[in-house]
Amino acid sequence: MEFLLSILVGLLFAAGVYLLLHRDFVKLVIGIVIIGNATALFIFVAGRIVRQNAPFIQENGLPPENFADPVPQALILTALVIGFGIQAFALIVFKKVYDIPKVDKIDDLKK
Amino acid sequence: MGYEKIIILLTLIIPMLTAIISLFFKKNRIVNNYISIIGSSLLLITTTAFLFPLIVENEILTTQVGGWKAPFGITIVADMFSAIMLVIASFVGLMVNIYALENIDYKKKEFSFFVFFQFLMMAVNGAFLAGDIFNLYVWFEVMLISSFVLLVLGNGTKQLIATVKYTLLSFIASAFLLVGVGMIYGISGSLNMADVALYFREHPNEPLMTVAAVLFMLPFAIKAALFPLYFWLPDSYHTPKISVTAIFSGLLTKVGVYALIRCFTLIFIHDVHYTHTILMVAAGFTMLSGVFGALSKVNMRRILSFHIVSQVGYMVLGLALFTPLAIAGAIFYIIQHILAKTNLFLITGVVEKIKGTSNLKGVSGLYHRFPVFSIIFLVVALSLAGLPPLSGFWAKFILIKAGFEQQEYLMIFVVLITGLLTLFSMMKIWVNAFWGKQQEEPDRNLITNEKSLFKEHWSLLIPIILMASFTLFIGLFSMPLMKYATIAAEQLMNPLQYIEAVLGTAN
Amino acid sequence: MNSFILRNSAKIIVPFMLLFSVFLLFRGHNLPGGGFIGGLMAGAAFILDAFANNVAHSLKILRFEPVKIMATGLLLAVISGFLGLILGDGFFKGYWLNIEIPLIPKLGSPLLFDIGVYALVLGMVLKMVLPNIEND
Amino acid sequence: MILSILSVFILAILVPTLHKITGNKIAYLLSLAPISIFIALFYYHLNGTTFPIRESWEWNSYFNLELAFYLDGLSLLFGLLISGIGFLIYIYAGFYMKNAKYNGRFFMILTLFMGAMLGLVLADNWLSILVFWELTSITSFLLIGHKNEKESARYAAWQGLLVTALGGLALLVGLVLTGIVTEEYTISNLSQHHELLTQHTLYIPILLCVAVAAFTKSAQFPFHFWLPNAMAAPTPVSAYLHSATMVKAGIYFFARFSPILGGTIEWQILLSSIGGITMIMGAIMAFKADNIKKLLAYSTISALGIMTMAFGLGTETAIFAGTVYIIAHALYKSTLFMMAGILDKQTGTKKISEFPVSLYKKLPLAFAIVCLAALSFAGIAPFFGFVAKELLLEMVLHSPMLSAVYVAAMLITSVFFVALLFVLTHKAFFKGFKKPALKNIHKGIYIAPAVTALTGLVFGLFPDVLSNLTSLASSNISPEFESKHLALWHGFNNAFYLSLISILLGASIYFLSLKVNWKLKLGFLKPLQPSKIYDFLFDGLITFGQWQTRKIQTGYLRNYAMVTLLVILVLTGFTFFYKAGIRINTESLDIYIFELILGLIVLIALGFTLFTSSNISALLSLSVVGIAISIIFMEAGAPDLAITFFLIDALTITIFVLILHKLPKKMLRKKNFDRIRDGFIAVGTGLLVTLILFSITYNPLNSKLKEFYAENSYSAAKGKNMVNVILVDFRVLDTLGEICVLAIAALGVFALVNYTKNKKLD
């Protein structure tokens, strides 16, 4: 069941890593975002996919049959939000660095 | 549920409340200073006067956040190792806090310096207490984001560049740590460290366990600055204000080491031959590479930064040797390293204050005018270099003894060479900065003699003196620390005790 | 970005978005939603307002400084855990009031925590985004 | 003993304060300390106290480490030397250092040294030994560098410290190993384990470690080079540390360890060969030196070589000879050093060739004292040096093996010693070329060297007064030793003839050297000199450090990221294939069309993001990726996640757009080579992650967490949305951390944007 999504996670990781190694700031940050998404999806797949029901308790007070595992979802939520904080901060830092004279690619950051 | 559980949680609540309160008063200079100092002092009192005796009495204390029982809620665990780390972290925190009163300018305080500082302390404490791998990850992230901000606060060009490097490499570490956490959940269906450890005890043949171990090891290794993943450290530690470097040097990498020790004595202990060999090789290279890096530098800050790397190697070596004695040695090493290294950075800050630079080419002859200050440096530097009977010696000695018991002769050789080269570069600082011709001071420098240094800049010197005396104390009277380090190591090497304390004997 | 249409439509949309954000917050315990989503929605409302009018305007209708909102949010979140701490059931132990009021969800300390999250996220969004808008 | 040594240390700490009160008189005040110790020790000795006396204080019971002191004949001998000569050095230094700068710290460190040295010879636990050993190294370092404005002093101090610290490490290892073999940390008990130790496989390492430690401290070949450089220290220091006491610590060690490690063939060969080489080399180098302090330093090296050889040979005669020679050497060498200082002060130069002509007329007193000491040095009767020399010659004549070699070596050394006698007396006081311009100096400075020189004469005339002490000490070195009597005159034996020969040869070499300008053409050996090797190592280490740091710490962020990712990829990949292997659950191969379509959309969008060179289109495709992923979440039973993911994605893109106009519209491209390399890393990582996921999902997951939350989220936590209940109740601490991150990030962004601006937003 997780076959396709596993491949998708791999793709996302590959793309993210490729971008992380880029000389361009914008691509670098996009790489960070994609890696963040990829790890989220990784946890999701590692926690097994259940496609029938969302983890909500029904009106009768019982959980539905075959519902998705809420734990990875909660973890991903937390990780995503944390990731967002870090991405936003990184974005601004990178922009600030870009404002430094004579810096327009990552290679200029020597020293 | 007695008051002892409250005590454990206070180590998180106090810094957090301090941060929140100073957020409310962030415009008020004086109030801001006092709030932070009070918070740090309260934290220190909590850890030393209440938490530590409790742990001595009760061995391992746990509390369940939200009141949900063990593997389901988040567990907070304090064993001897955590308790020692908490005590030392809060002590260093208070010292740096006092130092920062003068060292950090008003503008940075207005931009919530102390808020970040307190959040950092909270995250560090949280990481020391986490009994849940995802929770550990969360504390790591809180620590990282606070350290990013502390590093960049002031927007200097060098700071910005350093922050970019630090941010990106830390991000990679966090991402793969998260992958590791996901993997652990995917394998064991649990996040509680004790529960995961129990799972691996019951399923020792789980093929992915070693992979998960490596996936945990690498991010922690990045954070602990192990070879060859320590790039971020020497490239960033020389850029921010010295208080920031000092608290980083004391706590950041050590949290990485703590996490390594915790995970690789509790969870990943079924393939020791493989995992701990990797750790040992890494430790050896880290020691050498770091110390050679230090040799190549002429700036005090950079020299000291590289020494952090090299000394992290010692600590990890203790873990890699994997005997109670070796781990006790590692713990001893961590403590003495935190005390000495933080202090050396603080001293460097004073040198910068006096001479305007920490580059050895621009500093000389300090011993002539500042003899007492110089002697303090010498004592701390020699402690770090491990001269008997100073604190570093004991740590080194224990590791050598443990190494002989494990017959890791190559490692002992590396330890010895590193020790000698550490002395070499400590003396390089001494010979160049403290000895030599006394320079004529340019007008802008106000501090020309020791009297004015001690009188007018007491808030810089009090932490230095206190920490130096503490360093001296644990060197001359190594028994108490040795005793607790041994207890901690025995607890660590006996994970069942931890598992039982968390999950209860029924499980 | 100072168009007439945007400004007028914002006048209508912003209050609705704010209301909706509170709705999302309250229903979060039982249905999709919660403090984080609600807070983001509220933040989005103010950002929209900042685009439509200007940053000063949205700060004015906000009344409180974003930092204070954040601090309050954090404080509420921590305080919601104190009850359990004091009563000895554990930090963040959830307690619920046994009264049902229509339109308002069950009251309890986890809700207080969620409100804290809401406030913090709102403050965070404003603090993070508004300075950048002003940079334009 | 503990108290008295502690009080020396306390006194040392008080010195700077005392110095402020007493000024120049501090030296005389401080000299009370060594003299009282001397008297106390002497009293012990005379009183016939039964030795040994032991005192200890537990220091670290984990490793049986204690601060232990042990007074037997051997330590008594050294203790008397240290305190006796120490007393005289203080008197001398009081005149020598008069009105000098930084006297407070000088005397503090000198006193510290004295305490450390006393501690070292009295220490009985190996920890105590190490402590005092390193303390002498450090104090020596500080004293050599006392005149640290001079580059040469700094260099010498640093060199001395590094060499002796190397020895310290060797000692540490040696003692740890001894502890591992014997489980015994008390030195005085170790001799009981002599057999165990000498037959153990670790014997050679232990011996080497202890020997290297002692060699560095006692400046034995090839570690000797630091000692001549150490002459940069003020002369009282040279006289005290670098001739009479500290450099003898290594010799003390050999004596102390003789009953523990000695008596084997390895011990004999190692010590006597190194000692032999050192003594010949030192004697020749001394003869070549012109700087009087260097000359004395080299002759000290040579003398230390003699002692090393003596304890290496280990026969009863040898041990007795060595013991006697320690005293003789300490007496004459400290005299000569003190006189060198006086001559330096008065003539303004240390070079013998630059001394004023006919100095003996102007400084008759100095000449007399130098003669007294130098005669003893050359081993001329009736000085104490003669007694020692006779014994030494006796020793080599009766050495257990290779007698001829030792005799020849000893003879060569003695010849040069005699030649040095002429250098020190004839060349220094009769030759010379400069016009005399002597500085005045307080005559009191002569007191100390006169005392030591005369003592040498007195002991020479009445050597028997020392019989007791030296026999006692020797019996501690060799348990079988039977007490001997010292006498000036042993009759016309072989030793005496050898002595005569050496005098004749020495005199002729000296006078020959005045006529013939003989220089050894040994330039090609220069790179092999230990000091050159030290410099080479020193520079080499730094160069290597710079090289490796340049290689690792390139400063290029991309390199860092690449190495980090590569390490993760390689290590994890290797572990995966080595330990786990590929597993695919064939049941999971069913493919959902909906997901397939979404996957293809993501793939296209990703490709676009990767290869577009426009910022805006990269962002657009990024948001497509985000939307597609949130649809996947939505479809797989995670609505909360989907909404949050979508909102966060939107917010990220918003911030992106807000700052994007500061960045260029066009992006940089990768170089072709980089593409291939990065492509490999990227594909490798992606593949590995996919394989790991396959492997994880191979077995079904039995999550007890899921069941527990399903049961309790409504009944106990009053919420139907399990995810939300987990966030605000079950795992609330994570959420607390999370909102902290958000708060910090927001404040951080605010600080970043506004720090350099004057205008403030709130």
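For reference, chains read A, B, C and D in written order, and residue numbers begin at 1 within each chain.
Note that in this section a contact is a pair of C-beta atoms (placed from the backbone, for glycine too) under 8 Å apart; a residue touches a chain by one contact, two chains touch by 3 or more.
Worth saying up front: this structure is predicted, and the values here are computed from it rather than measured.
J.: With centres defined by CA atoms only, which chain is the most remote from subunit D?
T.: Taking each chain's C-alpha mean as its centre, the farthest from subunit D is C.
J.: With centres defined from CA atoms, tell me which chain sits nearest the overall protein centre.
T.: Answer by centroid distance: B.
J.: So which one's got more C-beta contacts, A-B or B-C?
T.: A-B
J.: Once you find the CA centre of subunit A and the CA centre of subunit B, what distance in Å lies between them?
T.: Roughly 29 Å, centre to centre.
J.: Find the geometric centre of each of subunit B and subunit C from their Cα atoms only, then give the gap between the two centres in Å, rounded to an integer.
T.: The mean C-alpha positions of subunit B and subunit C differ by 37 Å.
J.: Between subunit A and subunit C, tell me the centre distance in angstrom, where each centre is the average of that chain's C-alpha atoms.
T.: Result: the chain centres lie 24 Å from each other.
J.: Go ahead and note the Å separation of the Cα centroids belonging to subunit C and subunit D.
T.: Each chain reduced to its C-alpha mean, subunit C and subunit D end up 62 Å apart.
J.: Tell me, which residues of subunit C touch at least two other chains?
T.: Those would be 30-32, 36, 67, 70, 74, 78, 81, 91-92, 94, 124, 128, 132.
J.: Indicate the residues of subunit B shared as contacts by at least two other chains.
T.: As it turns out, subunit B has residues touching two or more other chains at 16, 65-66, 73, 134, 138, 141, 145, 148-149, 152, 155, 164-165, 168, 172, 179, 183, 185-186, 191.
J.: Using the touch rule from the top of the page, what residues of subunit D touch 2 or more other chains?
T.: 555, 557, 561, 565, 639-640, 644, 648, 651, 655, 659, 689, 696-697, 701, 703, 705-706, 709, 719-721, 727, 729-735, 737-738, 740-750, 752-754
J.: What pattern do the touching chains form: line, ring, star, complete or other?
T.: complete
J.: Within their complex, state which residues of subunit A touch subunit D.
T.: 1-15, 17-27, 29-30, 33-34, 37-38, 40-42, 44-58, 61, 63, 67-71, 73-78, 80-82, 84-89, 91-93, 95-96, 98-99, 104-107, 109-111
J.: So in the complex, the part of subunit B that touches subunit D is made up of which residues?
T.: Touch list, subunit B to subunit D: 16, 65-66, 68, 71-74, 76, 107, 111-112, 115-116, 119, 122-123, 126, 134-135, 138-139, 141-142, 145-146, 148-149, 152-155, 164-165, 168-169, 172-173, 176, 179, 183, 185-187, 189-191, 207-208, 210-211, 213-215, 218, 222, 228-229, 231-232, 234-235, 271, 274, 278, 289, 292-297, 306, 365, 367-368, 371, 382, 387-389, 393-394, 397, 400-401, 404-405, 412, 416, 419-421, 423-424, 427-428, 431, 435-438, 478-479, 482-483, 486.
J.: Over in the complex, which subunit D residues touch subunit B? Could you list them?
T.: Going through subunit D, the ones touching subunit B are 16, 59-63, 102, 105, 127, 130-131, 134, 138, 141, 145, 148-149, 154, 157-158, 161-162, 165-166, 168-169, 172-173, 176-177, 179-180, 541-542, 544-546, 548-550, 552-553, 555, 557, 560-561, 563-565, 567-568, 571-572, 575-576, 579-581, 583, 689, 692, 695-697, 701-706, 708-709, 712, 729-734, 737-738, 740-741, 743-745, 747-748, 750-752, 754-756.
J.: Under the touch definition given earlier, write down the residues of subunit D that touch subunit C in their complex.
T.: 639-640, 643-644, 647-648, 650-651, 654-655, 658-659, 717-721, 724-725, 727-729, 732-733, 735-736, 739-740, 742-743, 745-747, 749-750, 753-754, 761-762
J.: Considering only the defined contacts, which subunit C positions touch subunit D in the complex?
T.: Listed in rising order, the residues of subunit C that touch subunit D are 28-37, 40-41, 43-44, 47, 55, 59, 65-67, 70, 73-74, 77-78, 81, 91-92, 94, 96, 106, 108, 110-111, 113-114, 116-117, 120-121, 123-125, 127-136.
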